[in-house]
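Labels for the chains are A, B and C, by order of writing; each one numbers its residues from 1.
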């Protein structure tokens, strides 16, 4: 169980994130959904450890084997294969593992291409390959398909599903797309202006939202 | 006309003193640039990639040092190396080593500042990604340097250009001693003071050519980056 | 009639007025001298008195001997005050000046570390001193800038048939007397200097040898001819030379430095 308690982050009097409590069960797939600026990225960054909240604690985080993919992940200008290998921490088998991961996300033909020549969507797939190249306990992904085309999105989603089932990895991802949330998540956490407005099983929150704000957000989306 | 003939003779002839002066200049500039880069670039990467307390103050100090007048740097190093100074026993005054020391004082802040600026553009994104895959800080730094390697080369060339063109500090701590610490810039000053304009002009032409070469290289590199 | 008389009277007044004040047609005299002369302080000592007495304004520039003389060739000076006889004679030979007017002298000195490892103190002439320095393997700092001082120094080496240029122990600075003395001080080496600059300079070097025949240094003035450059102030140059060789100036020159250093720094030629 991963528990976030009393997480508060302010910037010049404005509340960026205010989470009194959020508990997450290991192995489950969670989706953070909400408008731009609702705090999705901030919550992910705090959980990943790249941003420190003003107050609050996170308990139950796996000490290692946390993987985090930021928005617009950086691709170094060496080969795509090497870009993935660097996530494998000097494992003697890293080359094979990297190639296998690239294969899963449909990027094997890019193995020798230079990282800086990739499109946004290709870079996101490569970044995912980095994370799934070895087993992990927790994956944090910030809008992992924001730059991909339909095929790329498909590949990423199926890879994540497979990975989650194969090694029981907890998955927390953010998205703008309720459809993606429905496809990929077991539970949905709805954020607005830094606060959790609603949370629950994906089918419930997305199809029959309780809160007014959630309803407004989802009204443009036709099922 | 006669003057131009003499200049040509000096440039393409076998004037050993001219060649020796150019050799000392290149040797000094090479070591100044090397040491300044070895200190300045990693320092610049550290400053550019990280947020820390007092960073603003450090940047302000860096800016001031970047604008340090060469004669002031020369004076400070001179006072340190002088007989009555703390490092007088090293007997380094009026040597190429002393000139390199003064130039390192001048050029390291420039290398640091330019590198930090260069890095700070890409650093936050690299940082975020690196944290996500648990990259060690050392590897992160090395990869960051790799990412800006081409611009770093042009930064190093800028440093070399400063070293080769500097005159105030090297005159003070080097003393412009014939056959020992006479470099192109101090030789030009001296020859002009003595009224020997042909020699000064010949040296000036060589210096201009080198500066032009460096500038073209820097421009070529920067153009390649844009395409 | 009245108007005519008025005109004449005014005219006479104007003419006599200009004649009475004897204001020089060109009041600015450009003096080109060497750094040694300037560094000694002699010119700043004489300048205000000269300007008051004659109504001229003196514009003094100083440079190494070579550059100082060159100013005469390029029309950037009206009168030279240097101390390099051979170069001066060459200058006149080229037709840039009519004559050189030697008017004062002083001596060069050999200075070095207090400990005097070469035993220069016991030398009788500068040549002996130089030889002792070489024999003792000591370092010698030279101005190396073709100045009057440098030329005098090289003359001594020539007499010894030693070529110091390029040798390990010979440090050729290519700079003014002041900077050369600083270098010798820093390295605690021997050097050859004019006495005035040595005394005025702050250093830890000891005066080891002075007033030998081969260290006499004569200063001369040359008025630049107006034949080459139209705007040369030949009249002013002659006025300057006249004043500098006057009794008043001679007296001032003889007194210069006595208060501060307890001895004369410059001697008049007729003494």
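Here are a few things to note about the model shown:
One rule holds in what follows: a residue touches a chain if its C-beta (ideal position, glycine included) is under 8 Å from a C-beta of that chain, and two chains touch if they have at least 3 such contacts.
Fair warning: this is a prediction, and the values are worked out from it, not measured in the lab.
Among the remaining chains, not one touches subunit B and also subunit C.
Greatest Cα centroid separation from subunit B: this falls to A.
Averaging Cα coordinates per chain and for the whole protein, the chain whose average falls nearest the overall one is B. Subunit B and subunit C have Cα centroids lying 40 Å from one another.
Distance between chain centres (mean CA atoms), subunit A to subunit B: 47 Å. Subunit A and subunit C have Cα centroids lying 85 Å from one another. The set of subunit A residues touching two or more other chains is empty. Multi-chain contact residues of subunit C (touching two or more other chains) are absent.
Considering their complex, residues 82-83, 93-94, 175-180, 182, 186-187, 190, 192-196 of subunit B touch subunit C. By the touch criterion stated above, subunit A contacts subunit B in their complex at residues 45, 48-50, 64, 66-70, 72-74, 76-78, 86-87, 89, 127, 130-131, 140.
Partner subunit A is touched in their complex by these residues of subunit B: 122, 125-135, 139, 143, 146-147. Subunit C meets subunit B in the complex at residues 63-64, 66-67, 69-70, 144-146, 165-166, 171-175, 179, 183, 185-188, 204.
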